[in-house]
Structures are given as C-alpha cells and as structure tokens.
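So, here's a batch of structures to check.
First subunit A sits with subunit B, and in the next complex the same chain sits with subunit C.
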Partner chain A sequence: MEKLDFTFRCSGERVESAAVSVLVGVVSSGNLEVFIEKGGDPSCCRVEVATSHGGFERAWRTLFADFLFQYDLSGYAIWINDAGAVPAVVKLRLHQAVEELMEKGR
Partner chain B sequence: MNSRGMRPPLYSCADARKLLAHLLDQGSFIEFCGPRERIANPHLAALNVPMSFDDGVAVGAGMLNGTEVYCAAQQGAFIGGAVGEIHGAKVTGLLERARERKPGAFLFLIDSGGVRLHEANAGLIGISEMMRALLDLRASGVPCIGMIGGREGAFGGMGILARCCDHVIMNEHGRLGMSGPGVIENVMGVEEFDAGDRAMIWRTYGGKHRYLIGEADCFVDDSLEAFRSAAAALMSARTQITAQSLGAGQRDLEGRYGAFRACTDAMEIWRALGIERPEEVQLLSTADFLRVAAGRKGVPAAPQGPMEAGREKEARSPAILARLFPAGHRCEVRRGVITGRAVCAGREIAVIGTTNHTTIDIPMSLRLSAHVLATVESAPGMPIVMLVDCAGQQLSREAELLGINGYFAHLLKCLHHARASGHHLVSVVYGKALSGAFLSFGLMGDQVYGITGSEVGVMKLSAMARVTKISERQLRRLGETSAVFAPGMENFMRLGGNQEIWTAEGEVEDRLAAALRVADRDDRRRALGAERGGRTLARMVAEKVKADVAREMSR
Partner chain C sequence: MEQWQHLREGKRRRLERARQIAPSKIVRHEQTVDLLQAVIEKGDRVCIEGDNQKQADFLAAALARCDAGAVSDLHMIMSSISLPEHIALFEKGIARTVDFCYSAREGARLASLVANRKISIGAIHTYPELYARYFMDLTPHVSLICADAADGAGNLYTGFNTEDTAVIAEATAFRNGVLIAQVNEIVDALPRTDIPGDWVDFVVKSPSPYSITPLFTRDPADLNEIKILMAMMVIKGIYAPYGVRYLNHGIGYNTAAIELLLPTYGEALGLKGSICTHWMLNPHPTLIPAIESGFVQAVYCPGSEVGMEEYIRARPDIFFTGHDGSMRSNRCLAHLAGHYALDLFIGSTLQIDTRGNSSTATVGRIAGFGGAPNLGCDARGRRHGSPAWLKAGQEQARYAKRSLPRGRKLVVQIVETFQERGTPTFVEELDAVKLMRDMGQEIPPVMVYGDDVTHIVTEEGIANLLLCRNEEERIQAVRGVAGYTPAGLRRSAAAVGNLIARGVITRPQDLGIRWSDASTDLLAARSVRELVEWSKGLYRPPRQFIRW
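After this line comes the complex of A and B, so read on.
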C-alpha cells in the first residue's frame, strides 16, 4: 500500500454543485473508488490516494494536474482508494464523479 | 428512464448505491454511516489490501411506494461483498434500530460470499450478530426481504442469513448456497464439483432451481423494476416464526431430503417435480418458466424411506458428557450428533450437539432442529445446552443441490424460537468450532463458553491463505499481534465471541451450573469485544449508525 497526498491549484471549468459529496466506482481489481467532498482550503484542491500498486507517484501527479487543469475543484477534496486501476480508468472515474456531482447538486 | 433519458441498469450489473437509487422512490434514499465517515479498516491495512470508504455495504432508509423501509445493499465487487467487522456492524446497527422504529420492511440486497477471510473471526462473529438481529427484527413484526440477483450471490454465512428472511427474491443470475463451487472443488476434488462448469453451477445454486425447490419465494426478471414490484408486493406479507410454521418447515425440509436425496443433478429433481422437459428449464424466459413451475414448486408430501442409513447409536459416549453431567444424562449419540437430556445442578436440561470433529450434513441438521422443537413443545423453559465440536459443514454437490443453507437457517430459526419462548441457550465449545456449522447453532447461544485447547474460527490458516492469496507465513505473523487472525479460544474471547474459558482440568460442571444461572439474554458480543480490546470498531460503528438514524429520521 502506498499513500499519496497532493495539493493542486486549479484552473478550467468551475465545478458548482449544491451536493456535499459524491462516490463513484468500487474498489476491485483494476478499479477504484473516487470520493469527492466539499471542504478544506477554498483556494485549492487536495487529493489523497491510497493505492495497492506503489511506485507511480509521478503518473498520479501528472494525471491530476491535467484533470484539475480542465476542472476547477477548488474547495473540494478528492479521496481515492485504488486497486490497481490504469490511468484511463482513473480518468474515467474522475469525470464520472464530477458529472454526478453536478447532476446531484442541480 | 432516468433524468438523462437512459435506461436503468440491470439488477445484476448495478452497484449497491445504483440499486438503492432505482429500487426506492426517486431521491428518497438516506444513507447512514456513509462513505463520508471514511472509517479506516485496520485489518485490511495490516494485510496491505486497499479498503473502501463504506467497507462494502451501504445502509440507510428510503421510501418504497410511499412506505418507509430500511435497507442494506452489499457491494459485491469489493472483496466479494464479504462481511468484515465494520460491514457487519453497519448492518447489525441498522437491524437493531429498525426493531425500535418499525419501518414497513427491511430490504437486504445480498451480494456476498460470506465471511471476509481477511478479517476471519471478526467477520464470523459479525455475521452471527447480523443473524440474531435479523431474527429479532422479524419477531418484532417488521418483514425482512432478501434479494439475490448480483454476481456474487449469497454464500456461506450470508447464504444462511438469506434464508432467515421472511422472503427471498431471486433472478436468474442470483445464486444461493452454503459452500461455493470453488471451495468444494478445492477440498473435495473436481469429481465432486467442477467449478468451471457454469451450467452446472447455475443448475445447482441458481434462482430457477432455488425457486423450484422452495428456497426462493419469488423469481423475477433481471430488472430493477421487477425486484421493486416484487418487494412492494411482499412487504405486506409478513410471515411469523411460530411452533406451527417451524413444524411445517421441518416436515417440508424432511420431505425434500427424503424425496430428492438420491438425485445427483438438478434436472432429476425437476423431472421428479413433474417438469416434462427439464433440459429446457434453463433456456426459458421468466414468464415461460413461471408458467412451467406453477403448481410444481416445492416438495412431495411425505418423506420416502429412512432419513439416515447406516451406523446405529454409538456405543461410547463422548467424555465431555460425563464431565459436564456427572449427575447423569440420557443422551443419544448417533453419527456425530448428540441429542437428549441431562441433569445439571439438580435441574433437568436439554442437550444438543456434535462430537468427533464431525462435519454437519442435512440429516444431522434436521435431527438437531427436531430436538430443539421437541424440547420447546414438551418442556417449556428448559435450558438448552449446545455442545460444539464440528469441523464445518458437509462439502458436497448433493448437499448444495438440496439447499443445505436452508436447513441451517431452519435450525437457527428453531433456536431463535426457543429463545423467544423462554429457553436459555448456552453453548460450550469443546473441540473444533469452524465456519458455517458453528454459525448455524453454537454461535446462536445467549452465552458461549469455551474449553481450553478448542479450535475456533472460519477455516484453517492454510485454506485462508489459498483464498486470500496472502501467504500463510504472513497470516501467522499477523496472528501474533492481532486477535482477529490468531487461532485459539483466547483470541476468540478477546473479540467478544465467547464469555469465558473453562480450563480442561477445572470443575466444568460447576462452571456450567453457574452459566445456567446467568439471566442475560441480550447480544453483548460487540461490547465484550470492545472492552477486551480485540474488536473495537464494531460497537463504535453500530452506535454511529444508530445515532445517524436518530438524527436523520427525526427531521
């Protein structure tokens, strides 16, 4: 198990939602759960990852930098439990989470 | 159609929260002790296995056609939906709260292989707590509806628990049983059960077969709407556990065993039930299948032939009987099962139990339940002592074909009925107490006592290592620091699984006499586990669920 902790300054499309939190995905082989919750520093987005596959810190960092360049999730925290998802699946889940967050809070 | 104009997902493909969102009235689901709590799971962390924020189960309340219902949905994709300490405590906490608040029904969306081996004994006790809480909830008048339609099915302890519900709804994908095909193949060999033969797996455990033999009450399409309307229809049909219903259940189960014990494949059973072309059953659509099954479901009336062939009464009675009951006993010991009466502290008591590290099969389970029912009928209020020495349940395709989990659930219901009728249940573990067989009677005791040297748990460490793919060495090392993995009665006691340990040399008959004077009938295992430091999360989580119910539902 490896725990990673990042903080990002965001740019891009501002995510506005009345919903407090959203959970998508399931922790199972090659999959992950993404939990996004409102709270914390309003000027940035905090990301915490627990992954069964260590040694990919740079890949995670690049992925989030890219995603948070697209969506502005300042004032939110992203929590991830990962069981070895490939980057494409991680990206998919993050998009799904943001989409559900916006839909839920409409 | 939902707001995005998409079709709702199939029941078998949806995850726990999707299921609840579609099954309940739109937007009505309120989750208790949800993922926001992010309760860390120390057992999985110790094994380097990633945890999940909800520990694989969503519990909460919602509306079904305008009636308030409580519900729990297991996340099959997360470690096979298996029950660990937090997972079990979330469900137990909600079941206990439901007993006070009396919602219209309790819906249990089951998708689980049973005990989470990564949490071994903590999971075993967790399932036992769920069983007691569920049977108590039923007794309080709230109907419990089990739904099995996901990929994991309902196996092990969850297979028993499913059959403790008032009603079971299944679809074609759902599987219900005790030992899964993989376990049977692993232990008994591929000749017993070829776990790669998917058609045979579904013929044995699948929804259609379970419906035909009476293990499932409702067979529906793989759609959320079908499950939803079936649940709504069953909500008003509460079934009570009474002496009459249990007597009828005993006769039905004996009838099923008598009629189909010689069958080696489900198709023989279907033919015996009067289905002309059994080979076509698995191809039939739901509507066609229900038409074919109409009037044929269930069991022939009378048992055929003797229930148990073979060995007569054993000449030597186990030493434990003489040690516990020096004042005398009239116990019959036959094929590993003890039934009878004994005298303890000048008082007559009923005895059921197992001996010789036996594995419990269907006729043995039936004899145990018959003795419990006979005791309730003929000797109101007489304490029942359960002597536990069993190495597990019979692992065979035939036992699964007949639904051995349903027989175990019946035994549990009989014990529940005995407790509710004022019988004190005391368990004494004096040999092995392993897995499903332990769940089906010993763990149902008001108090459980152990004699030193007894072996308790889910399964052997070597088997556990095979299933979890964690080396036996690592498991053994963890056992040195964590009571959850460690074998032996002492560690089981730290988890709150048993009351106390009696030393082999001690005056066990005095200890039993004292145990029979204990008046407490509440399930104290969570509190004991927390006080003794072996299982600290269960109580906290159950209390958290209860606090959430109080807060959310008073709004």
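After this line comes the complex of A and C, so read on.
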C-alpha cells in the first residue's frame, strides 16, 4: 500500500455544491473509491491517495494537475482508495464525482 | 505442343497415382494420408483452408500425419496458422515455408519455430492480399478445403461459412491444381451448390464436423463504463458529424459497445437512418438490437457466427441468403466491399506509436493481421462519392496540397491508453520493429499505417489527424490522447491546449457528454440472454456463452 499526498492550486470551472461530500466507485480489483469532501484550505485542493499499486506517482500527479486545471475544487479534499484502477477509470470516477457534486448544488 | 502442358501433365500424374488408392471421387477417411502422400510432390505449394473461423482440420491433421520422407519441403499458403497440426507440419519437416495472414492462437509457438529456424516466413499478409497472390505467384498445386456437405458428384454446399472456400477453389481448379475437400456429410441432394463438383477432385467425409470458432461473440456483461464512454464519443463525435453509413467494426469489446448503444444513445440523438445503415461485418450477436430497432438495412458477411444461423435465416432483407434460406458468406468479396465501399473502419489494436502506426505484434508473439490492414487503409482507387468520404477528403485537403477534390476513407483506431494489466498502448517504438529484425523480414508487421489513420479514440478524447497541419502537430495530437502513458506524459501542454482549442482533439466534455451517463444502463442488452430476447429466441448462443 502506497500513500501519496498532493496539494494543488486550481483553475477552471468553479465547482459549487450544496452537498458536503460525495462518494463514487467501489474498492474492487481494477476499480477505486473517490470521496470528495468540503473543508480545509479554501485556496487549494488537497488530494490523498492510498493505492495498492505503487510506483505511479508522476502519473497520479499529472492526472490531478490536469483535472484541477479543468475544475476548481479549492476548499475541497479528495480521498482516493485505489485497487489498481487504470487512469481511465480514475478519471471517469473523478468526473462522475464532480458531476454529482454540481448536480446537488443546483 | 507438349511444352505448354506441364501443369496439366502434373495434375494427370498426381491423379493417376491417387487413383491407385482412391478410384472414385468419394474417398474413405481412412485413406486420406495415403491419398495426400500420392498427390503431393516435394516442394509443392499447398493451401490448407482455415481462417479465424472454420478450419479444414481433418485434412490438416492428415497432412501432419504424412511421412516426412514421402512429403517434404512444402510451401504452405494459408490464411491462418491456428491449429497445433499446422505447427506440427514445420516441426516434422513436412513443410518449410509459409505465407499466411493470421496466427493468434499459435502466435507464441510460431515465434519459437522462427527462433529455431524450423520455418521460413515468406510474408504476413492481409486476407485479400494473400487471395490476390493465389492468382499471381502463389497458386496452390494442392488445396485442402472444407464444406458442410457434398453430393456423389462432388458438388459442395458450404452453408453459412463459405468464407475462403470459393476463392481457393477457383485458384486451384483453374490452374490444374488438385482440390480435396473434407465434408461433414455426403447427401443425395444439396440445399444449394456453392462449388461445382467438376472443380473438385476428391471428397472425404471427415469423422467429425470441421471445427469452427465463435470468434465474434462478445458478452455484453463484459462491457465496462470506459468502453461505453468511448462508444458514446464515437457515435456523437465521428458517426454523427460525418454521417457514416457504410462501415466495418473490428473484433473487440469497444466496437461491441458501439453496436449496443445504437438503439439507445444513437436513437436518442436522432441518428436512425442517417448512420450505420450498411455493414460489411460478420454477424455479430451484439448487432441484433440495432437490426431489430431498424437501424441496420444490410449486412454482407465475410463468414458466419455460430448460433446466428436461424436468426439470419429469418432476416433475409438484412443478410445475403441463398434460395435455400441459408447465408452465403465470402471473405474475398466482403473484403473487396470493405476496401472500396466503406465510409469507415474502426478497430482496436495493442500498440500505437506516436506517428499513429499500430500493430498487434508483440515480442515473442507473431499475431498476424487478418483483414484489418485492407479495411484500415484509404482506398486510393476509389472513384465514387459518399457524404462521409467527401467530408473527410475536404478536411484532409485543408492542409495537404491537392489540386482536385478527392475523398478519404475514415480509419479509426479505438484503444484505452492502458490495457488491463497496466501495459501502455502508446509507445515510442512498436515491438513490430524488433520483430522485423528477429524474423529477418524487410518490413515490420504494421497493422495500420499512421498515414492511413484519420482518428484515434481513447478515454481521453478523439484526435482528428486529418486536421493536423504538419508531422509535429500529428505527434502532439497522438500524445494528447495518450493519457498518462510514458508517451502521453511527453506531450507539450501548450501544443495540446492549442489542438483542443482548434478542435483537433475533442474530449468528452467538448462533445457535451456527461461522464455519469456512461453507465451499463445505456446498453441495449446487458447480457447474452438479453440478446437472445432481442432476437425473439432465434439466436442460439454456444454453450460457453450461456450463463443462465
């Protein structure tokens, strides 16, 4: 189990939501759980990854940098519980989580 | 006079020897090895029928049982190397050289034969390319084919799976070759005649029916959200804007997902009748919902698919069928249609380099191509227009200097950036380049050349290579959809940002696709059982696909 911890300055579309948190995905082989929660430093987004597949720090960092360039999640924390998902699945779950957050904000 | 008769004399000589063993056209199966040893001469070009579907497996096994002292140095010409008996021919020294198309199942053993110098590979072809050589420099002296049934006169019925039989029979029969057929049964009257008996020299009723693989059956239960997301992107981002009506889908789950989204997502986008009306395609069970919902108007098949027989028989408006009601397939003619008459080919692959070249060959495994290179290339001899073909041609003409209007086939590669075991699909150099050196070949086994590809689709987005202004932009467009693979991470963020702004790269959000919509709920059928229901019970899946 590898643990990674990142902090990002965000840009892009501001994510507004009435919801305090959202959870998507499951921790099963090749999949992951994404939990997004309001709180923490309002000027940035903190990301914590726990993954069963170590050695991909650069890919994770680049993926979040891209994602948080597209969506402004300042003042949120993202928790990832990963069971070896490929980046495609990671991205899908992140997008699903943000879509759910934004829909709850309406 | 005689100097013009060598081939005819050769056939007379072979038949004379054969008649010592088998005086009539119908031969007992116990005599097959003796028959082959009598007919085949040292160094002959021998074709064993067998592609990715049906196999003349009894005759292949008989040839492999021949005495290497009696039959040797053969030059095998075969669509596929897919049976252990095919490999045994080379291990025993019966055959020395091979020209072929496809070797998926035996790819690793083939690579070891090459390493041990037990085999000399002429070339790895695409199907219609090898058929073409039957009529040029690789005409068989002896061909071993298979059919469903024969009558006493040797007329053959090939049923739903004519596939390669017609083209092999034609090349052999009309150049004084010897044509030997294995059949499942001998009957008094055939449902229809697919190969005339006067082309056929010998018929053997094999002890068991020829083997056939249900290669094109994809269980909808195995489709995941990523494949559904990519299928949505293809329908909305490629099929709709180009108005793709005439097409082929490669084998694989990505394209199965597209087929299963047509009646749901495609219908919701109002695309029925304007896309995906005419197909060159094996009868994929996953196409049943699109057929039943009226999307599909016609399907011409290179082969059949086990379990689809009764469904096809009940849909003669869709499929090409004989007066007896069973389907006529013909891989050679289907590939002619696939080369000249398609708007679009879409298929998956194992590796793509940064110039868009793709290959399924990986180190230690010689997979071959099948039909993909013929479908996945622009048809430069095409002279008829269609809206999709003309639009693609106009896009290409923006940056390629052309003085006359011309069209362009859409050639789409659809891949996930990583495969299941974490292997990156995008690479700086194809394994095919190393394989070329290992095999002593002059060219690498590239499946689709980068300059033939128009679009690359990944979970990241669609790269439209027609809109790239130069080679450097193309490379950035490929890297731009290569995600977090090493080749993707070497992209220039600025260049990719510019390609997104210009619409060269389109991401799901640029197409207005909600990621949350990429759910298995969107599939017209979520299991094989639901495919059976769509077919009103006419589709009868092979046992290995029945999970209920």
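Here is the rule we use: the second predicted complex is superposed on the first by the 106 of 106 C-alpha atoms of A that agree within 3 Å, B and C clash if a C-alpha of one lies under 4 Å from a C-alpha of the other, contacts with A are read in each partner's own complex, and residues count from 1 in each chain.
Note that in this section contacts are C-beta pairs under 8 Å (C-beta built on N, C-alpha and C of every residue); 3 or more make two chains touch, one makes a residue touch a chain.
Everything numeric here is computed off the predicted structure, so don't read it as measured data.
Contact with subunit B, but none with subunit C, is seen for A:33 once the two complexes are overlaid on the shared chain.
In the superposed pair of complexes, A:63 makes contact with subunit C only, with no contact to subunit B.
By the touch criterion defined above, A:79 lies against subunit B but remains apart from subunit C after alignment on the C-alpha atoms of chain A. Once chain A of one complex is fitted onto chain A of the other, the partner contacts of A:51 are limited to subunit B, with no touch recorded for subunit C. Applying the stated contact rule after C-alpha superposition, one finds that A:4 touches neither subunit B nor subunit C.
By the touch criterion defined above, A:92 reaches subunit C but does not reach subunit B. Residues 3-4, 15, 17, 34-36, 38, 45, 48-54, 75, 77-79 of subunit B are the ones touching subunit A in the complex.
Across the complex, subunit A meets subunit B through its residues 1, 20-21, 23, 26-28, 31, 33, 35, 37, 50-52, 79, 81-83, 103.
Across the complex, subunit C meets subunit A through its residues 225-226, 229, 416-418, 420, 422, 458-460, 483-484, 489, 508-509, 514-516, 518. On the side of subunit A, the complex with subunit C involves touching residues 30, 53, 56, 58-59, 62-63, 70, 84, 86-89, 91-92, 95-96, 99-100.
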